[in-house]
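After the structure tokens below, expect a handful of questions from me.
Think of it as A, B, C, D, E and F in the order they're written, each chain with its own count starting at 1.
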């Protein structure tokens, strides 16, 4: 259950309208790694989790914060769009290159569809979609997805920081970047927490019996390109992070088999194959066509 | 440049056709974390990388292996579909419940669209899409994305392992799961490698100056739900993984501001607002309509 | 700002697991008119609204309730999936038609991707997308969209009611259907409220001057099909709902102009047109090719 | 069956080419509420309707008109694009800011993909999709969706009217806006017609027995936000539009239950849960891995 | 302008309802090569064409026929769904395997969303989308796309023919397959017509001067795989279909250059590169973070 | 199996960075007819083919070349983006129209998401998707799709050629256009090869017995528009390309039947129909609601 307060966690007001920047800021609202993704990902992980206690509480606690971040960005974008010109700028597109540049860089659906409002889309206008989120039920994998989400989010916010000098926008981004710092650290800590509690280990999923995997190839780097430098990395020799083995290096595949022969499905699927499409059959079809007339 | 050999890295042939399982196996071919995602993600990271040497070689080396995994799964699926019944099974759907169940569980586009062939879609028939991949140019973030990709992939392959008893399928999955084990370990090793080389640190991106973020909230867990257990986690106290601070815990937001007032955009966007939509204006519009007649 | 409580507005627990029904229930969670759509639509309308006071408070108040409905459905679906069989049922698909039918009707990504968890998708596995929502900034139009959303949602819930006899599911649907009753009524009341406050009128947008529209065709039904019965409807004669005119009826279009001539764009776009693709040009291109060798 | 005439219902020719405006006009051709949506929505509602007579004739009659509107917009866009510059403008992007602004604001696929032709996409280049339309089989709900569609469409056309001063475009928009006026009125009239004929009532669907819904919460506004003004609306007290009850107001939820406990699915789904992921199991998996070597 | 007649070009009525088959038939209504694609493709080609006369008339004439095919399939699907069971079949899913198989194989959105109506989706429930169509402005290319569209459509209809023994469905498919025969032939004839009129030649676009292409590689098959048989094809030697040259064969690429060095973008994009991410910088960032506390 | 070499088939380096052009070039990388489509289409056709020998070898041989083209375009785009300005250009957007035009025309996700890297999207930022490819199992149809793909690709590359004067870009496009020339010719040759080998004929699929199609309409052009010129084409009289008949011409449909009556599905789907939604039922529902209170 969610209760709403007409407050924001941090001030979200630009110093001045900027329709071009509003479009860019959509990325961290409705993009692949925007706040809608983050909020929904933590929400679904919470609803799907199989353990009561600290991990579920963590997911609930932070999901709700992130829905508030969605709100902060949406109201910021609406304010950035507040004075987006309509006819005036359009006239300008033809004669005033400065305003013309503004129009060229803004998201036209901000004006036509939303009437100067925020939208659940990314900075190219692609609608947010459910396939952006990850919730597998395995917390070690999902917390790794979360750490990545917070990293990508912080990178994007840092890039956006340099694309404006608006003090109000900087103020909000400064807050969001700090929260990303916290959340990166938090998920990395939670990963170690899971391992130290002994309920998940590497490789994920740790309780799939490794005796069932093909252990000849489980710790060997195989180099399918002709660059020699990959051999110098810590992934080519030395102990493996899961603590179960040592890395080895192979220049190319260590095994191969011939390509299997082509398949021959049911003739009534009308694929091209030597059995069903002989010259004789083709001639018969033609004859059939001719006779039919 | 890619050169193709008509060989597979491992045998990919089922013991018998199984159209239902073919549909399921599409998940690890064309799903969010399927091999197309993995191959394309490593490819784009390689093409976009900014460092010569071992990291780029690693990306090239493994991307090419993964395109071969796409191929192994595609030919496996084509063989699983080889004897998918057409009319016979359709008749059966009405009278023979066993065959009926087969038809209900298969991907009908396997027959209608691909003529018993593999497709670039997931197990629900959603087409693969470019928005599944991650390539930010920041290797610490992207290698974390890669580690997550290999974890999710290994989980899905492990689940699929139990959904058949076909020896040929088990044999291939056993191989792929082992490679996922390697690749999970590899990316985790590469993350440490990046840090020990001193070219990336936490938090990502590490060269965004932390003095520009709002440091009051950079290391505090704020609990927006009413579960108390999140306080017990290692993300609520103790040193942070980036080595820069200590975690603290707050029960709820540590700051708030009132919701900003609503925006008032240009009247010609025809939004509902008190200035442009007064009763007087509405009356005038009606008068205008009446007079116009 | 959203605060989360680990409570639900209503009990959400099935009497027994039912993986087939879990798939169907996804429609009202992540479909075109599912609760994610409803919650996000009200949220964006609130963030984009231009009026303080009762309408914005209404949007905030109900958006938060709807995020809680998302949660109720997600936890319900996770419980419906709790005992979805894995290997056992898969074996069954081959020999036990009852279990086979179960497998045929479930969403396979529930098992493979989410590990028996809810997902942000509809009942066919299509991911939820931002293009489902409507937020134009014009409240009379948007409240009409909301009324439609609640109607479609109540229809779908009513259909789903009859597709199970699980008492726990009936109990939750009975609650959600009642809330849909409320919300349908609420938006219809809010539409009248807007009109009686004099800030919006029909036709929407009411402050676009009707003198600028082509008033000869603004109130005439034109029949482009050959069914005569449409003339009997109240849309073919009598006063119009906006109070500005009378309906009239025309059998077919009341005006027409010839199709404009084809366009002739820049030759370097290589379209087929008589100017740029003359026989002479084609011959010259061939000559050019021959000489080049 | 559709028969085509090489005529348009209204003149569709711009005074001059304008590639930027061509992009914007795509919204009302191929956007969420563009003419393709409207035409297809009425078409599918007609094909799916369950009643012969005036309602079906209405749907057929107007669907055909709307396919003609698709055509008018497509030929208008092709003409707006007719002189879209190619190399010249591209050179200009580097040195002439006026032409540069033109290029920045146009849809580049208009040139690269369509060779100065219209496309079935919105103003951001998102392809039209079938999930934009609504056809539930319930006419009261669907006519409400139609009324909303015509409202959103008229708002967008009105906004677009101000984004150009081209007389030819104004002339067409003036015609289309007038038809939207008609169609808004028409669907609102048809809604009342349905109710007065006694075949649909509120709440939709009216023949789902209200005794099966949870009547304690069917007419109560519950305020999940902390804004007090929503209590002042006509949705918080007084008679309900369906005529069946009175609205009441509650400050927050009127009921709640604890969050259900987490689920515990089959172990072979490899989710994280206390039963399947004990420290003992994890140790055994490690031991298994070590011994296997 | 389109005028509608309440007639069909051919009878479209099944002998009996069949909800499973209704789902399959969606492929040729709303799939990649379904009738919506075909109708919209011809429509956009007509609206975008640059030549008056026979080619444009052809496109208009057949586009309108195809919109009628959309209608025939939609009403056929609605009738196939007419008796799709609701509660009864759902009960059956648990105890009656025959009915269970029915439910497993049908499109659940047919019932939940459309109330036993047709939908603009394919046989896996993916919504139709504008990116399925092709309209480049070059008629030789587009007519080739059309020929392919009719071929794929006829293949799918032929496959569907064998998936039922319903006489009414066979009757309609028999008609549609015959029209596909006509339309395949028609586009192939139109391709030759274009060439014999001398307004388009091979290679497409024929008026791009071949002197601007790299003529060393314009007619050589290069074999990037290790299969030797491709050398035997008529694409490896002999005259080329465009009449401009002779095919030659090369075993692998005939040229290569080293991979270019990695890029080094602006530091403020926070990519990983040796200049901006030195150990010194990383240390400074840590120092900055520590001092800031 | 794919092996990677750190070489390119042709030089791919621009003379200077150009962020606007980078966006445009995305079309031939990740668009509907971009190199990802082409590579994946040939790959899936190879994996799904039913014939060993020259056709499969051809598909393998060229698929691998095309994956290398994906790589060439990706590294070209990364280099075009290398110096995309960040803060500087953003400042410029406000005061320097030349740089402003640059920013307006670039893909903002190139900077925000990819850090100056290539992406698997088209020139409007739409992600590449699996539904772009065609692989039916029927080689005559699929080779026609391939010929179309190479034609559309060559048209787009030719258009892009004129949108820059960068010598490095021209050099690469000149190479790619030449390869498109080869591949167009190759598929057209392969189509004739298939026919001369006697394993496929027209109409596709040639082994569906024409006696099962409705031969009365299999070779007649029916004109559903009022343009008379289509009668002059070679598709309206004379021999048909499949060699089986003669074309004839009809002005309009040669047959028609009345529209079937509306369907009447199960009442519990709550559609609007005269049986289930009588006035009596509606009154009873109201009574039910009143009594329930």
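Definition applied: a residue touches a chain if its C-beta (ideal position, glycine included) is under 8 Å from a C-beta of that chain, and two chains touch if they have at least 3 such contacts.
Since we're looking at a predicted model, the values are computed, not measured.
Engineer: So if I look at the partners of chain B and the partners of chain C, which chains show up in both lists?
Structural biologist: Chains in contact with chain B as well as chain C: A, D, E, F.
Engineer: If contact pairs are compared by residue number, which of B-C, B-F or C-D agrees with C-E in over half of them?
Structural biologist: B-C
Engineer: List the interface residue numbers of chain B and of chain E, divide the shared ones by all numbers used, and answer same when the ratio is over half, different when under half.
Structural biologist: Shared-number fraction below one half, so different.
Engineer: State, to the nearest whole Å, the distance from the C-alpha centre of chain D to the C-alpha centre of chain E.
Structural biologist: Each chain's C-alpha centroid was found; their separation is 24 Å.
Engineer: How far is the middle of chain B from the middle of chain D, if each middle is the mean of its Cα atoms, in Å?
Structural biologist: 27
Engineer: Which residues belonging to chain C are in contact with no fewer than two other chains?
Structural biologist: 1-9, 32, 48, 55-56, 60-61, 63-64, 68, 75, 78, 86-87, 97, 100-101, 103-105, 111, 113, 115-117, 121, 124-127, 129, 131, 136-138, 140, 155, 158-159, 162, 205, 208, 210, 215, 224-225, 227, 242, 253, 256, 263-265, 268-271, in rising order.
Engineer: Inside the complex, what are the residues of chain E that reach chain B?
Structural biologist: 20, 23-24, 27, 31-32, 97-98, 100-105, 122-126, 155-156, 159-160, 162-165, 224-227, 252-253, 256, 261-265, 267, 269-274, 276-279, 281-283, 285-286, 288-290, 292-293
Engineer: Mind pulling up the chain F residues that touch chain C in the complex?
Structural biologist: Interface residues on chain F, with respect to chain C: 155, 158-159, 162, 268-270.
Engineer: Show me the residue ranges of chain F that touch chain E in the complex, using the header's touch definition.
Structural biologist: Interface residues on chain F, with respect to chain E: 5-13, 32, 52-58, 60-65, 68, 75, 78-79, 81-87, 111, 115-117, 126, 129, 131-132, 134, 136, 138, 140-141, 144-145, 147-148, 151-152, 154-155, 158, 161, 174-175, 177-182, 184-190, 192-193, 196, 202-205, 208, 210, 212-225, 227-235, 238, 240-242, 247, 253, 255-260, 263-266, 268-271.
Engineer: Spell out the part of chain D that touches chain E in their complex, as residue ranges.
Structural biologist: Of all residues in chain D, those touching chain E are 1-9, 30, 36, 40, 43-44, 47-48, 60-61, 63-64, 67-68, 70-71, 74-75, 78, 113-121, 127-131, 133, 135-138.
Engineer: Taking the touch rule as given, give the residues of chain D at its contact with chain F in the complex, in rising order.
Structural biologist: 1-6, 48-52, 55-56, 86-87, 90-91, 93-95, 97, 100-101, 103-105, 107-109, 111-113, 115, 121, 124-127, 136-140, 194, 197-201, 205-211, 215, 242-245
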